[in-house]
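For reference, chains read A, B, C, D, E and F in written order, and residue numbers begin at 1 within each chain.
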Amino acid sequence: MSQKLEIGKMAILLASLSEEELYSFRPSLDEVSYCQGKVGSMNMQKVIAAVETAAKRNGLIQEHLYRETHALYHAILEGIEGVTRGKPVIGEMSRTVGLRFSVVRGKPYHDPKEGEWLAVAFYGTIGAPVKGAEHETIGLGINHI
Amino acid sequence: MSQKLEIGKMAILLASLSEEELYSFRPSLDEVSYCQGKVGSMNMQKVIAAVETAAKRNGLIQEHLYRETHALYHAILEGIEGVTRGKPVIGEMSRTVGLRFSVVRGKPYHDPKEGEWLAVAFYGTIGAPVKGAEHETIGLGINHI
Amino acid sequence: MSQKLEIGKMAILLASLSEEELYSFRPSLDEVSYCQGKVGSMNMQKVIAAVETAAKRNGLIQEHLYRETHALYHAILEGIEGVTRGKPVIGEMSRTVGLRFSVVRGKPYHDPKEGEWLAVAFYGTIGAPVKGAEHETIGLGINHI
Amino acid sequence: MSQKLEIGKMAILLASLSEEELYSFRPSLDEVSYCQGKVGSMNMQKVIAAVETAAKRNGLIQEHLYRETHALYHAILEGIEGVTRGKPVIGEMSRTVGLRFSVVRGKPYHDPKEGEWLAVAFYGTIGAPVKGAEHETIGLGINHI
Amino acid sequence: MSQKLEIGKMAILLASLSEEELYSFRPSLDEVSYCQGKVGSMNMQKVIAAVETAAKRNGLIQEHLYRETHALYHAILEGIEGVTRGKPVIGEMSRTVGLRFSVVRGKPYHDPKEGEWLAVAFYGTIGAPVKGAEHETIGLGINHI
Amino acid sequence: MSQKLEIGKMAILLASLSEEELYSFRPSLDEVSYCQGKVGSMNMQKVIAAVETAAKRNGLIQEHLYRETHALYHAILEGIEGVTRGKPVIGEMSRTVGLRFSVVRGKPYHDPKEGEWLAVAFYGTIGAPVKGAEHETIGLGINHI
């Protein structure tokens, strides 16, 4: 890959690995900003809000700039396409998610003019609202910011 | 997570990590069957065929059983939903993909009656058919087999 | 159901039953116009064209009236949503269809002002381009004309 | 068709024919397990739950096996794609459904190794939440189990 | 364009221009029937209902004819595809809309047998449920009636 | 609307109005950069390429910056969702488009930190590949750049 930093890969590792498993990837994480979080819900609005709130609280986007909110929102939605496999509906389709997520902000390209980009990753489970009746799911969204 | 084996996580690590990075995850990979491959194309049919061929050649599914082909096909399509973020079209939408992929077959649940499941993961880039004009993308599909 | 004639049910029976099985439904078919046909393809454009051609040749729509072509086209597309289960792509998704289809034109409602409606039904198989690696599929589209 | 049993056709007949109309198809139904039910709702979660509950109560799937719940869930969703023609939303899109449904479990293929498969069919009406302002709709989902 | 009247263009101008800006387009508007309205909501059902109610109150469709309700409903949904860019969900995707809309009924084609058609247009904003965190959006649906 | 400049409205007017009709809107167009073009095709890749080429030739985006190509690409795709009403497929669905398009680049918000945004609009016809068998269609995409 011709990218300098793989922010998408970093994001998916931050969302899916344990603290211990992440240990060897720490050095590359120093080159980006990121946050991590968790959300479990049948309500997609809550999933979106959980990521937006975490990103704002951790200073990954400038809260009062719509430009950055817009970049993050579309990255979240692209991640949700993976999680829901093309049907961005959770509860109405009688399923629930239990997700860990991460937001990574950094400069993935060699050319500094390419500027900053965002990666939003989800990892967890999706399934019936019954304990254990679920399988894993993953999603990644990438956007320029 | 209440699963015994996280075959989705294994699949995404197999698709996205280097040999070296995978080293510490090797012990858990001993508990499943898997294969890895690569495909670059503007043609989705070629992406699907690359995964199906790799899975058959490596004995991950029984080639002459439609039941297993069907399970794999739907897992591939779910993975492609993540890669294409809900629009399973590549060339016609003027984009190309360069992907590493993996197929994992194993028993993720404690109860042996839950049987075998498949995970198909993709990791790579999607973008304009111009070198460097691309960003990362990820997809994961899971199915019972 | 408050309808006088169930043109959708007639259409699906015309597409899925054998001549012999259809025998007992013949009386109700006298109240509508209909045609039947067959198409096998990996190319959705050919599937659409097969239905349009059959409908025109059998006088189910007036060939030179866009209004009727438009009504039929949207009914076909709605039927294809069922056949492809929400992803109106065949060959590019590495699958092929073998379909019988029917077009029914009639007055399903009691109130004569509700006028004429069209039903387009598909029944057959969808699957890998390998003999036997396929399962059944059905679609129905309904439109006012 | 090279299948031994057409479980999809059986399912759609079970969902759309009257008891009397079904009479001549009874012999083939003896080779499969099936159940029938009804649901009317603006809420898709209720439609899904109605089918799941009927399938479990009638022993068509093993309730405590996620594997079977998963197979059924995806078959239901594929059927709903036909019913909603690619937009699996009911009330939020200001429409309501009145559906009869069926679940068929059997061995459609000659090769016994192909095992058991499920067919879920819907037949009924979709339309505005006003009596009579509706037209017919059909959906079919098929999955290996 | 070979059409006599561009009802879609009229509809989008009615939805997006000010009274003053519309002034010079008035003569062509005399050849069609139309109405205008406004709706702001996170609930798509309310958006659909606002257009349906306005169309009925202003006599653009015959209220008690399902045929006309059906034509309008599909035109509205097609317009919403543009507004939501392919995901007909608002609140559940954590977004809100503020829209002006119009419904135009007329005879766009030279051949009188082509009869009457409907155009439904939306223009306004879509975005986060926070003032100012929004951008413009447009949608147009066309149907024969 | 709280925006300073309505770049989406400008874009749709540039795509749908004649030179003469545009006359009175000229003053506001001085505050943005824009280009216009035309494309007719059954191939979506050609539609996308036509807009990208026009935008690059007219200096609306910096050709060698992926960041800007990415912003434009997603704005084009959002516009295409409106044109195709949620199914971004043209020829494969047996339809063809004849479109005028525009790309507008400007600063829609009062706060200068909101920076530059792009609007891509399409206006024209979509229909069967038969002269006259077509109706109007519109699409608008908006993105930060």
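We take it that a contact is a pair of C-beta atoms (placed from the backbone, for glycine too) under 8 Å apart; a residue touches a chain by one contact, two chains touch by 3 or more.
This one's a predicted model, so the numbers in the text were calculated from it and none came from an experiment.
Moving only from a chain to one it touches, give the least number of moves from chain B to chain D.
Minimal hop count between chain B and chain D: 1.
Check D-E against C-D and say which one is joined by more contacting C-beta pairs.
C-D
Answer with same or different: of all residue numbers used at the interface between chain A and chain D, are over half used by both copies?
Counting which numbers both chains contribute, under half are shared, so the two copies meet through different residues.
Centre to centre, using CA atoms, which chain is the farthest one from chain F?
D
Based only on mean CA positions, could you tell me how far chain A sits from chain E in angstrom?
35
Taking each chain's centre as the mean position of its Cα atoms, how many Å separate chain E from chain F?
Here the centre of chain F sits 19 Å away from the centre of chain E.
Quick check: how many Å separate the C-alpha centres of chain C and chain E?
Averaging C-alpha atoms per chain gives centres 29 Å apart.
Spell out, as numbers or ranges, the residues of chain B touching 2 or more other chains.
Residues 66, 70, 86-89, 92, 109, 132, 135 of chain B touch two or more partner chains.
Along chain F, where are the residues that touch chain B in the complex?
Touch list, chain F to chain B: 43-45, 48-49, 52, 66, 69-70, 73, 77, 88-89, 92.
Across the complex, what residues on chain B touch chain F?
Listed in rising order, the residues of chain B that touch chain F are 87, 89, 91-95, 127-128, 130, 132-135.
Mind listing the chain C positions that touch chain E in their complex?
Contacts found on chain C: 65-67, 70-71, 74, 109, 111, 113-115, 143-144.
Can you list the residues on chain D that touch chain C in the complex?
Against chain C, the touching part of chain D is residues 1-3, 6-9, 12-13, 16, 21, 24-25, 78, 81-83, 85-86, 88, 98, 108-109, 117, 119, 121, 123-125, 131-132, 135-142.
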